[in-house]
Amino acid sequence: MPALWLFITVLVLGLAGFILGRARVMKDADGDIRKLHSLPNYYGSNVMLSAIIPSLGLLVLWLIVQPMIIQANVASHIPTENYADSGALNLLMSDVRRVADGLDIAVSQGALTPHAAQNLTGTDDVRGILGRLGVALGTDVEDDILTAAQEYRIKSNIGGWIMTVAVIAAAILGFAMALKVTNKDHRARNSVEKVVLALLIGAASLAVLTTVGIVFSLIFNTIEFFKLYPAADFFFGTTWAPSFGGGSELGILPLFWGTFYISIISLLVAVPIGLFAAVYLSEYAGPKTRGIAKPLLEVLAGIPTIVYGLFALLTVGPLLVGMFGKDGSFGVNWMQGGSAVITAGLVMGVMLIPFISSLSDDIINSVPQSMRDGSLGLGATKSETIKQVILPAALPGIVGAILLAASRAIGETMIVVLGAGAAARLSMNPFEAMTTVTTRIVSQLTGDADFSSPEALVAFALGMTLFVITLCLNIVALVIVRKYREQYD
Amino acid sequence: ARDQVQVAGSSTVLPYASIVAEAFGENFDFPTPVVESGGSSAGLKRFCEGLGENTIDVANASRKIKDKEVAACAEAGVTDIVEVRIGYDGIVFASDINGNSFEFTQEDWYKALAAEIIVDGAAVANPNTTWDQVNPAFPAQPIMAFIPGTKHGTREVFDEKVILTGCEESGDFAKFVELKGGEDEAEDACMSIRTDGLSVDIDGDYTETLARIDSNKDGLGVFGLAFYENNTDKLQVATMAGVVPTTEAIAEGTYPVSRPLYFYIKAAHIGVIPGLQEYADFFVSDDMAGPDGPLAEYGLVSDPALADTQAAVAAGTVMMK
Amino acid sequence: MNDMRIVKRDVDMNDIKISAKDVQVYYGDTHAIKDVNVEIKDKTVTAFIGPSGCGKSTFLRCLNRMNDTIDICRVTGKIEIEGEDIYDKRVDPVQLRAKVGMVFQKPNPFPKSIYDNIAYGPRIHGLARSKADLDDIVEKSLRRGAIWNEVKDRLHAPGTGLSGGQQQRLCIARAIATEPEVLLMDEPCSALDPIATAQVEELIDELRENFSVVIVTHSMQQAARVSQKTAFFHLGNLVEYGETGQIFTNPQDPRTESYITGRIG
Amino acid sequence: MNDMRIVKRDVDMNDIKISAKDVQVYYGDTHAIKDVNVEIKDKTVTAFIGPSGCGKSTFLRCLNRMNDTIDICRVTGKIEIEGEDIYDKRVDPVQLRAKVGMVFQKPNPFPKSIYDNIAYGPRIHGLARSKADLDDIVEKSLRRGAIWNEVKDRLHAPGTGLSGGQQQRLCIARAIATEPEVLLMDEPCSALDPIATAQVEELIDELRENFSVVIVTHSMQQAARVSQKTAFFHLGNLVEYGETGQIFTNPQDPRTESYITGRIG
Amino acid sequence: MSDHPTSPSSFPSNPSGAAKNSLLKLDARTKKRNASEARFKAYGVGAIALGLFFLVALLTSIIGNGTPAFKQTFITIPIELTESKLDKSGVRDIDVMKKVTTFGYKPLVQSALVASLQEHGIENPFKKAADLGKLLSSSAPAQVRDVVLANPELIGQTIEFRLLAGSRVDGYFKGRVDRDALARDKNLDAEHLDIADAMVTAGLIDTKFNADFIFGADASESRPEQAGIGVSMVGSLFMMIVVLCLALPIGVAASIYLEEFAPQNKWTDLIEVNISNLAAVPSIVFGILGLAVFIQFAHLPQSAPLVGGLVLTLMTLPTIIISTRASLKAVPPSIRDAALGIGASKMQSVFHHVLPLAMPGILTGTIIGLAQALGETAPLLLIGMVGFIASNMPDGIASGFLDPNSAMPAQIYEWAKRADPAYYERAWGGIIILLGFLMTMNIIAVILRRRFERRW
């Protein structure tokens, strides 16, 4: 049975289990739910979960493991002299799989009888036959590959049947066992909660898995990069000048500085505005104002960044030059071009406002009223109450919001490209163009350099380094929050 | 099974590929091919991931595939690659429509943008800040150049065909060889661009360059010919070495700054992915890529040797390793 | 501010400090306080008694406009403190509350250290000239709140980590640290043992010398012990108000009598 | 589960319900309960008395493992209910708490309607067969909690909009709605007027017929009125434990005597 | 007090001048504090005003630039569908008729335009029909061909067609193009505009609301007039469905575990830090991950909204987790105690009491996370959803998830890069639609959030 149908079958079994489990326990209790240990739905859910979870787990496991086993098994049919190393074997095996899959398709579409498929030999035009069915094969099919593929088919076929039986058996077994223990004294809630807890843990692990995935998808190319480019030059180089002809200088420091500088400026804009907005919304504004202003501010987070970028390039940049540039209204001649750290920082700050305002507003709003009463009752003004009682109590949430905004600032590209330019520079002057790590990751990744050159691979090293640095910053933030957290009751 | 052709790669080739794909979808029974953009390198990288449905069939590139990339491809099983040159992309220099007009030589650009130039026999940091210091024939307009960033293949062409050539023509190259002690070093010296803000790298696309010229009327930008031709209301083009950039001039070879555009096909996918061969044939057909076809109309410089390409595509001739 | 207050003290021993006229309070549509008229004397302890839910806390909260913080709460009528209408537009509730302090029914320490809980009021009112001054105020307040001994070693532990009764005394100490002229105490001894209760009562007595105190209590004994005046509330009405002695020995209203003798609740 | 409970009921009238052996509780480094040994009888009301901060609430919270929720709180020793160690790994604290209900010192109604506040427990424990059943339970519980009259017209108003004493009674009603075998009440009458207090005491008396009740109180009178056994805590120690009559008339420990006579706090 | 001479407790003011501190008169310190209060409040108002000001500024420029995209110029002309050109065989066999490509239809359409001008007596200075044909969109032949192939019986008749005008002509009527600008434009001449003006008078050209912009598919660089955002909007819709269905439950579940159940130890600290760190991972890195995991490893199709949705889910998770955790933390412990004290299990206390109270924050996280996901392009670049993906509308749920499609921001980003200035207004028009989409999406969350908000 194909996996999808198997999946549906198991789900149906689960549903039946829910109904039966519930019915059974109600019968056991003579319809009086007061005699039950747990609520009736827990019993139903328990049977359902016992039927579904192990069998689906088995299904997934089987789907992953079976090809591995069969592959190892089938690989022995390919003479060792045909491949140089395990990499080459892998390549051959993927060919085998492709041929086997192709034969499956051919059989299912009726282009070949099952018998014919197993009896094809290298002299038949297998590539042609499969090609007509839309199966891409790299080369003509050699005899031993074909044999291996046919072997592969037989084994997967058998495996598939065993899987079907095993999964359904597991489902029925789970079903039956759960139903058997279903009586009024069974601790169904505990069982169900254990499963829910497992699911919660699973969800949390997903975040960890993502991290692992990210590290893995970066690490190999990073290593590759460091083979081509000295690590010391990368970490301590103060020049960023990739060039196509080789001889690039790929120092991360100016990029890192740019990232830091632009993020700081954007946070300097977003944090005060966002926090004041949040405080106003939750503590001063009436429900009407709040109900309108908050979602409106949230629109700021939804405007595509390209708009902000253009806004920076076409409006804010020239405006700032008009103020700080040559012949500017301040007559200071600090700013040469519109592209500058400050331009990007300001505009990005605007984008980040709702990250801080909305989230902080929710958190501030959930500080208990008794805290406010306590402070107001002492003759504190609202602002004193907010500054000294409410904000400290809401600190963890606010820090979370700020971190989120900072993260977004670090990860932003479009605004930086259009607002701050693409020049890597180590300078204190906020009126100069600079660039960030993230924009360089994007541009080196989508650039035209040879994809195995250090100029392209550097993107991965940049990604990895940024990952580690932000990790450290987050640890610092966690420690700070722990230290200053004030738990109200 | 996947039934549409999957193309990825250069954003320079994208407009042409999309015109072809659209017409292909209209005139054939095959579904419209998917043409992704993302850069030549990214496209080739995905091209070289291996064979199979979950990989792309065609990579567009605004440069020739590199040997290392071919090797990487082969390692992943992509051994037979059909290389198709579709024509040339002209690279032009343009400024705001209402500003001064320019007639450049490569030497002017070199003098304006190099980090160091030779003054009185010594290499000094580029002292020029206005165009009239570069060439007395020019107006005293401040130098402000928007050139492609180092991610763009166009930059490579610009460096080599404009700056390096200018360096050689001015005679500075010879001096640099003397000073820096080697041709390679001299080349590097010639092609390093000033970083004092008078030359701005553009990482985005030509629209960004245009927007920057919009907000800084003194700016001079580097554009693709097609882009310029679509924006003649805002831009005026400069001549290079006395030649006005047109498709004809580039096809004849009189305009010096251009580059070939390519796409690459996985031979293993031909005949397997429905429509792949037809798409390739259609792309290079006279109807599309010919001098009067829609691609040329849009700005592609048609390849004078198109007939050879057509034959090679039809025969599925793969690249030599 | 402090010394000014002392000057004023000796104006009249039995001046009327707070007068409420026709006060009505609504929570949405619920009419919680009905037509209450009362005059609270200066330098006196006034006890509010009455069954649970009769509106004692509500009325108490009117006196320093804490009801402002409840959205659905609406107050009409006139409440004057020293002849000034506290619901007047020109009155700043902040100044009012500095003058009229409050201890809430449910202890609500700030999620800060014990020290900061107490120091908070003096700090915002600028009552301390120096750190030492502030330390002094904190210690004095905690002592007067009868909790100094229990917390003197953990002044920098969070106030929320105290026991229920300790929290209550902390809140009392916090309220007196700002030296209000009127102190409203909503069941300040509900979670206290007899000894602590006695200490708080002593404090109240001491406060009375200079300030006026309004205390809500469910203990008749306590009301009798500490108050000079007693007001009996019932179902939102002020049923009877008078000398404590008289109320407890010779109540005019049958409802008062029933309550005191334990017949209505 | 329910019927088991009923079966167990009539084993022994004066069976030991809860026994605590060498219980120590620490909040971080603070040693809050020291070496407490106590045996609480079934179908008995046990009163915990002692000065504020002596550890009554802490110990009470040990009995149904509510201390588990305080991160820094650590309990050692052995507490058995009907001979079963409640800190055993196999014990489900949920089941334990269903069996050992609790009324907290600070009233903590859910920010839901009054009805839902009461109905929540019966719902999760499946005590009601139908909506009508549930309505019944709610009404009965509110009546027993002596608050029905006050809230019967506003069952769907939020529980947080009640007065302090009403909230306290709501929490009592909420706790008894699930019919626990043991009810731990932390100063359940602190915010109640005498009449309401009397009603709650009546309830406690009534509960005692089938269940055991542990009550923390600061009122000696109340302890004397409602309890059969009294435990006196002081500075984290269980100083004396015995028949209520004996404790109040003839205390063995000088500290107990001082406390009862009002000399230590 | 002196303000209230009638006050019953009024006394003659103290001659020594020790003024009593009247409530009606603010003392100096209160004045100072009130000033700081007013300032604080003003900052709040200012912050909101500033935020709204930016919003208005942005929206104004978006709407100003984008509205022209919603109108389009059409040319209506009769075309004679000559059999000799379209179906030489005369048997109306579709397969044979398909052999005539759009290149075959082009002359037909162009000469029809010439004929139509003649008929209306409009002067036509162009010798070649192809030159005049520049008035028309290059989509015109395909449009005619589609009609013919769908209704072969029309061959031989003269049918009135409403064809798109070329982008320059359209631009002329929208004020984007003028005669001076055309001086060096090889795509169109000033004479064309004269003809266009005459055609307007003759009723051959009109400018109308263009629904195809909202519902249509992308077009190639050479025909901006034909491009629409509809298909990519559907792509975004399917991606958002994936994100909402995965990121919200997974994010909330993960937060619940971490905040309520996980033991406090180094491990959970690590996870916590990790999650905040994921928020700082540049979105394109998620694209790298998605390409490796979903396409190369799991063999999901390229350019599919399903994969896009999965990648965006991974990207959105941290946002939702961080905001959910923050709001779970903000729920007072007494609520948990109350539930536990009744005998609710930890799970029940969380799901019945804590979670509803944390809901506003969760929804805020969702709003922000989805807004971010909806506007994100970079990761889509790597999984093949950016470029020219002019598919048709998906014809079912499965096809919606699996068939190649783009997304609104990717479409807008592509348009913004294209050379023809006509794409500029389309990019802005696309942004208007994107924002409309976003606000529609938000409205539900905002309403829900308001229902869950309460103080305690």
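All chains are identified by letter, namely A, B, C, D and E, in their written order; residue positions are counted from 1 within each chain.
Convention: a contact is a pair of C-beta atoms (placed from the backbone, for glycine too) under 8 Å apart; a residue touches a chain by one contact, two chains touch by 3 or more.
It should be emphasised that the depicted structure is a prediction, and the values quoted were computed from it without experimental measurement.
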In the contact graph of chains, the distance from subunit A to subunit D in steps is 1
Chains in contact with subunit A and also with subunit C, listed by label, are D, E
Contact-count maximum falls on chain pair A-E
Most central chain, judged by mean Cα position vs. mean of all protein Cα atoms, is A
Taking each chain's centre as the mean of its CA atoms, the one lying farthest from the centre of subunit C is chain B
Rounded to the nearest Å, the gap between Cα centres of subunit C and subunit E is 58
Between subunit B and subunit C, the Cα-mean centres are separated in Å by 82
Distance in whole angstrom between the CA centres of subunit D and subunit E is 58
When centres are defined as mean Cα positions, the distance from subunit C to subunit D in whole Å is 30
Multi-chain contacts in subunit C, i.e. residues touching at least two other chains, fall at 94-96, 98-99, 106, 124-125
Touching two or more other chains in subunit A are residues 189-190, 310, 369, 381, 384, 445-446, 487-489
Shared-interface residues of subunit B (touching two or more other chains) are 2, 38, 42, 53, 204
Per the touch criterion, the pairs are A-B, A-C, A-D, A-E, B-E, C-D, C-E, D-E
Residue set of subunit E touching subunit D in the complex reads 264, 333-346, 348, 352-353, 357, 454, 456
Note: in the complex, subunit D contacts subunit A through residues 1-3, 92, 94, 124, 126-129
Counting only contacts in the complex, subunit E reaches subunit A at residues 33-34, 36-37, 40-41, 43-48, 50-52, 54-55, 57-59, 61-62, 249-251, 253-254, 256-258, 261-262, 269, 271-286, 288-289, 292-293, 314, 317-319, 321-323, 325-327, 329-334, 345, 347, 357-358, 360-361, 364-365, 367-368, 371-372, 374-375, 377-378, 381-382, 409, 412-413, 416, 427, 431, 434-435, 438-439, 442-443, 446, 450, 453, 455-456
Listed in rising order, subunit D residues that touch subunit C in their complex are 27, 30, 49-53, 55, 57-58, 105-107, 146, 150, 154, 161-166, 168-169, 186-187, 190-199, 218, 220, 259, 262-265
Note: in the complex, subunit A contacts subunit D through residues 31-40, 185, 187, 189-190
